[in-house]
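Please find the structures below.
Below are two complexes that have chain A in common, paired first with chain B and then with chain C.
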Partner chain A sequence: MLKKIFDTLRPTFTEGKLSAFRSVFDGFETFALVPNTTSKSGVSIHDSIDSKRIMSMVVIALMPALLVGMYNIGYQNALAAGALATTSCWSMFLFGLAVMLPKIIVSYLVGLGIEFVVAQWKHEEIQEGYLVTGMLIPMIVPVGTPLWMLAVAVAFSVIFAKEIFGGTGMNIFNPALIARAFLFFAYPTTMSGDAVWVAKDQFLGLGHQLPDTFTCATPLGEAGAGMEITTDMASMFTGLMPGSIGETSVIAIAVGAFILLWAGIASWRTMVSVFVGGALMAMLFNSTGCASNPAVAQIPWFEHLMLGGFCFGAVFMATDPVTSCRTEKGKYIYGFLIGVLAIAIRVLNPGYPEGMMLAILFMNMFAPLIDYFYVSNNINRRAKRAKQQ
Partner chain B sequence: MSLFNSKNKEALNNPLWKDNPVVIQVLGICSALAVTSQLEPAIVMGLSVTAITAFSNVIISLLRKTIPSRIRIIVQLVVVATLVTIVSQILKAFAYDVSVQLSVYVGLIITNCILMGRLEAFAMMNGPWESFLDGIGNGLGYAWILVVVAFFRELLGNGTLLGFQVIPDCAYEAGYMNNGMMTMPAMALIIVGCVIWAHRGISKDE
Partner chain C sequence: MKQSYKIRKGLDLCLEGEATHVLDIPPMRSEVALKPSDFCGVVPRVLVKEGDSVLAGTPLFSDKATGAVKFVSPVSGVVRQVRRGERRRVLGIHVQPDARQTFKEFSVEGWERFSAEEMKQLLLDSGLFALLRQRPYDVVPNPADKPKAIFVSAFSKMPLSADFNYVVEGQEEDFKNGLRALACIAKLYLGISPEQVNTAILPVKEADVRIFDGPNPSGNVGVQINHIDPVNKGETVWTMAPEDVIFIGRLLRTGRVNMTRRIALAGAEVKEPRYMEVPLGSKLSDIVNGQLCEATHLQRIINGNPLVGRQSTQEDFLDAHATEVCVIPDGGDVDEAFGWIMPRFNQFSTSRSYFSWLQPKRAYNLDCRIKGGERHMIMSAEYERVFPMDIYPSYLIKAIITGDIDRQEALGIYEVAPEDFAVAEFICSSKLELQRIVREGLDTLRKENA
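So, the complex of A and B:
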């Protein structure tokens, strides 16, 4: 049925008066259907999994974290209003949905709008990379981020982190993290601190109105301020704690990780080595302590891995096939250093309660270098072996 | 010989657009990032560089036949350093606040690549009048880029222009916030990049 619609529409776009919009048409067609083009020369084998199918898989893997995140928005709101007992599960979830939907819509509208314009301008196909980025960006910001800020950050990251490098597949840095980094440095008051983690306004009659002055710190924020962490292990695991929308629930992220690994999209090497690196570094700080920031240094290593964006970053950000290492052995080093740096930034710099974003961006920059050394090392070894024979 | 024949006009006009020292030759970027968080210091910096480039060009051009070529760089440095010191003293005397804001960057004009480049490439081979025009042109070519960058950085970073609030209070009440990243040098680099982008988009010479 879909195919029929596209077939009847095609002539209007390829030759007819709407030919100016053919890349838009092409984008929708290949999004809905597997393209029926085959390679024109030589022998090559394709399976039907192209990058659009991969992207859809990642979006599916993000769903558990997103749904728990929505529920958590409502939960935190009810908790803060002291109405936990009287608010039903469904109204908490619907409130979260109502808060979250505008963010997702804004993110997709702005990002895809820019992608469409650029594709039309350069006479290229529309690139599908934004499908995942557009879902990631609303999930890694605090719930209190205004929509216009989100739009500015999306525009910035799509233009400056992606399009000027040549679009999907050419970018050095993860565009979703660039959007977050932009917000973090440009509008620090809405990206960290105590006032942004709980939705405060009623939305379509759902949720509870909270006073503007209400504050609620994230566990890492509490530790950074030298206080005891008030969140227990169970809430860390299920995700019922204040934090950026998608990052709180370990169990939902684990489901997403299984989907990614089962589909063969994300690299288990990167994921495992991020956790190993983070755990080792946290153990090191546990045993040595840190004079400038003792409370964060003393967080047990398993809690370090469950708090903040560590899991989310390890599963969905570090494994991004475009910006991580391409060589299989390089992925171990790449992931390990992300884990180490994330914990090191958390502990050593009290100004940044969360180090995962900066650690991944930093290692994105070094991924090509790691690849280069592995490849040249391999070449040398083989050359040596050839000489010996 | 007229004062503004076509060759002299070229010396004055080329650096403003076609052969701009910042966006084409990518010189003087360091100070372009450092002093452009506010409009006022950027304007003062642009004028200082214009004056110093023009007069050091004239002086070197007058001396060009007597300078031994093996020690020409040190002679050029002495001339530039003298002029920079004069400008720095004038700023301290008449515009103290701005000179505090500019801090070391006035002194660092000595190391500005635009200056040494013009002395080496132009003043050593041309007469004083042409050199003067070339210095003015390059200085202004540098200055207008600085002003453009500073305009956007001050407007978006602080909501002010030349210290006066431009963005109305009602925008802030509606939820608008100043972009803190605009006040950091990283954003200046991106704005310079955008200026270069626009420049290449408009002029199709390359």
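So, the complex of A and C:
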């Protein structure tokens, strides 16, 4: 049935009036039907894995964190309105869904739109990488980010972080984090501080209207300001605390991590080393303290790993195969340094209480250097062997 | 105690239609053809005309570059056609075989005492030298070169490949004599699998025998060379397939070139997968006629195994280095919806996003669809999982794609042949044509270094 539809439409898109949308047509066709082109050279048979399947698995792995994030939007709203007892779970979730959905739609519309244009321009197939990036971006911004800002950030990152390098697989920096970094540096007031972590406006009668002046700090924000952290351990696990939408729930992220590792898409080497690096660095600060920022330095190491974007970054961002180290041994160093840097930035930088984004972007930049040493090692070994002969 | 190597990286693939140990000798009906394209790096000079009568062992063409390497007719008969393609490139020399085969006689008296030069000359005259391959570049060697060593791997772990233990049955002495002849020319290494330790192909005291235990591609001679004595820049090694070593043994025993090979006819589309004894260059229709399953879907005939073989038709001829003919579903007529999310229980994948990990022993019936679009290299260290050599395959591939010759050399391109990348190409999620890329890289490098 599907095939018939595509067969009748094909001539219009290949030669006919709509040939300017050929890439889009191809994209939808390969989305609906497995392409039945057969191999002409090299191996006759192929593994069934392809980049569509890989990206779909990552999106599936993101789902638990997204769903908990939606619920948390409603929960924080009700909590702030003091109406927790009178608001049902279901309506809290619906409110979160209603707040989140426009963000996801804007992200995909803008990002995929640019991808479609570029693919058509280069006469290539549409690449699937943005399916993941487009889901990640709304999840790593505060709930108060306006849609137009999201659209600008998405456009910036897709064009300048990805397409100018040649598309998925060629980029140096993680596009989702570039979008966040762009927002962070271009609109600092809406990306940090105490006013952006709770949705304040009613939406289609859902949720509670909060005054514009309402503020609520994230746990790391509280510590950064020298206050006691008011969030308990249970909330850190379940994710019922203020923070960027997808990053709060440790349990949901753990489910995602399990899916990624089980499917063999994310590297356990990177993931484990990020946690090891972060834990060691936090322990170091626990014992030495830090004069300029004592409260953050004294957060117990295990809480450090559960707060802010640490888990989310370690599981979904650091393990991005394109921007991380491409040698297996390099991944240990790469991950370890991300963990170390993230905690170091949190503690030593008094201006902003989160360090995961900058740590990963910084190590994205150094990943090729780490690889360079391992590959050079191999090259030198070969050269030495040739000399001995 | 023989030195043994445990190989961990790689992938054993189990396909439906493994050939059973039953031998069939089909009658020779059609022409037999020798194709210059089977011998990489050779520019042919044709030595016969249409209508000439040839014996089995008469040279059909020689290599223009050296003139010394000759390619001989596998059968006796009449030259029917010198088939040419674009710009008069020779595509094949077709010989209609006689009913009774006659052979050219070679003098092999006292071969045990031959010097290296005499042995090399005998192989050149008899045309068996052409079956040797050289690294670097994976081409027919230049007889003037002095190889560091000669490597033979006595097994293959490729899917549906012919089982050499069965192929060699009854010809063990020929195999051993062939090895002895090669050992005359240079130091000889023989790579065997652990199951072959106590078989009749041993002992051969002239060869340095090493045991390789591990999944495909542990049977690739390239992998074995990399573990035993890797090729450095400026060095050459020669390799020979074990089936061709038997040809040398036969020549030494009888004084005749008899290029009849026991090949596997395998694959899910073959009614009774089994072995066939046919001369090299046989027409594929002679081999597969009446052997295929009745099917309404497309079938694909592969000259060789599904990982390194070449897509062919019944009108094609058995490749000089092919040890099997496989027939599997083509898949060009299969429509499958939403492959990116469906469970697809009948599909094989090394990724656990499919369910083939639940049945590691199951034999799969895979078709020839690529099952995805070509992308840039996205996943990291993907090839490294199945590439058991001290080389970074993804970096080497990138160096070849970008045409950076210095870097290719530094990363070890002299040690590899396209077939070493077959498993990596199979699992590649970006669907890059690695074997083609490597072949082109080697060809360019050879031209540059000439």
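Worth pointing out:
In this section, the second predicted complex is superposed on the first by the 376 of 389 C-alpha atoms of A that agree within 3 Å, B and C clash if a C-alpha of one lies under 4 Å from a C-alpha of the other, contacts with A are read in each partner's own complex, and residues count from 1 in each chain.
Criterion: a contact is a pair of C-beta atoms (placed from the backbone, for glycine too) under 8 Å apart; a residue touches a chain by one contact, two chains touch by 3 or more.
None of the values given here were measured: they were computed from a predicted structure.
Of the two partner chains, chain B is the only one touched by A:Phe182; chain C is not. When the shared chain is aligned, chain C comes close enough to touch A:Gly129, but chain B does not.
In the superposed model, A:Phe160 lies in contact with chain B only, and not with chain C.
After overlaying the two complexes on the shared chain, residue contacts for A:Ser287 are found with neither chain B nor chain C. Of the two partner chains, chain C is the only one that A:Ala263 touches; chain B does not reach it.
Within the superposed three-chain model, A:Thr190 lies in touch with chain B and out of touch with chain C [touch as defined at top]. When the shared chain is aligned, chain C comes close enough to touch A:Ser324, but chain B does not. For chain A, the partner that touches more of its residues is C, with chain B and chain C as the two candidates. Of the two partner chains placed by superposition, only chain B is touched by A:Pro146; chain C is not. If you check the complex, the residues on chain C that touch chain A are 13, 15, 159, 230, 232-235, 300, 302, 306-309, 311, 326, 328, 330-341, 344, 347-354, 366-381, 384, 390-392, 394-395, 410-412, 418, 422, 425-431, 433-436. Interface of chain A with chain B (complex): residues 146, 148-149, 152, 160, 182, 185-190.
Of all residues in chain B, only 175-177, 179-182, 184, 186, 190 touch chain A in the complex they form.
Of all residues in chain A, only 2-3, 30-57, 125, 127, 129, 166-170, 262-265, 267, 321-322, 324-328, 331, 375, 378-379, 381-383, 385-386, 389 touch chain C in the complex they form.
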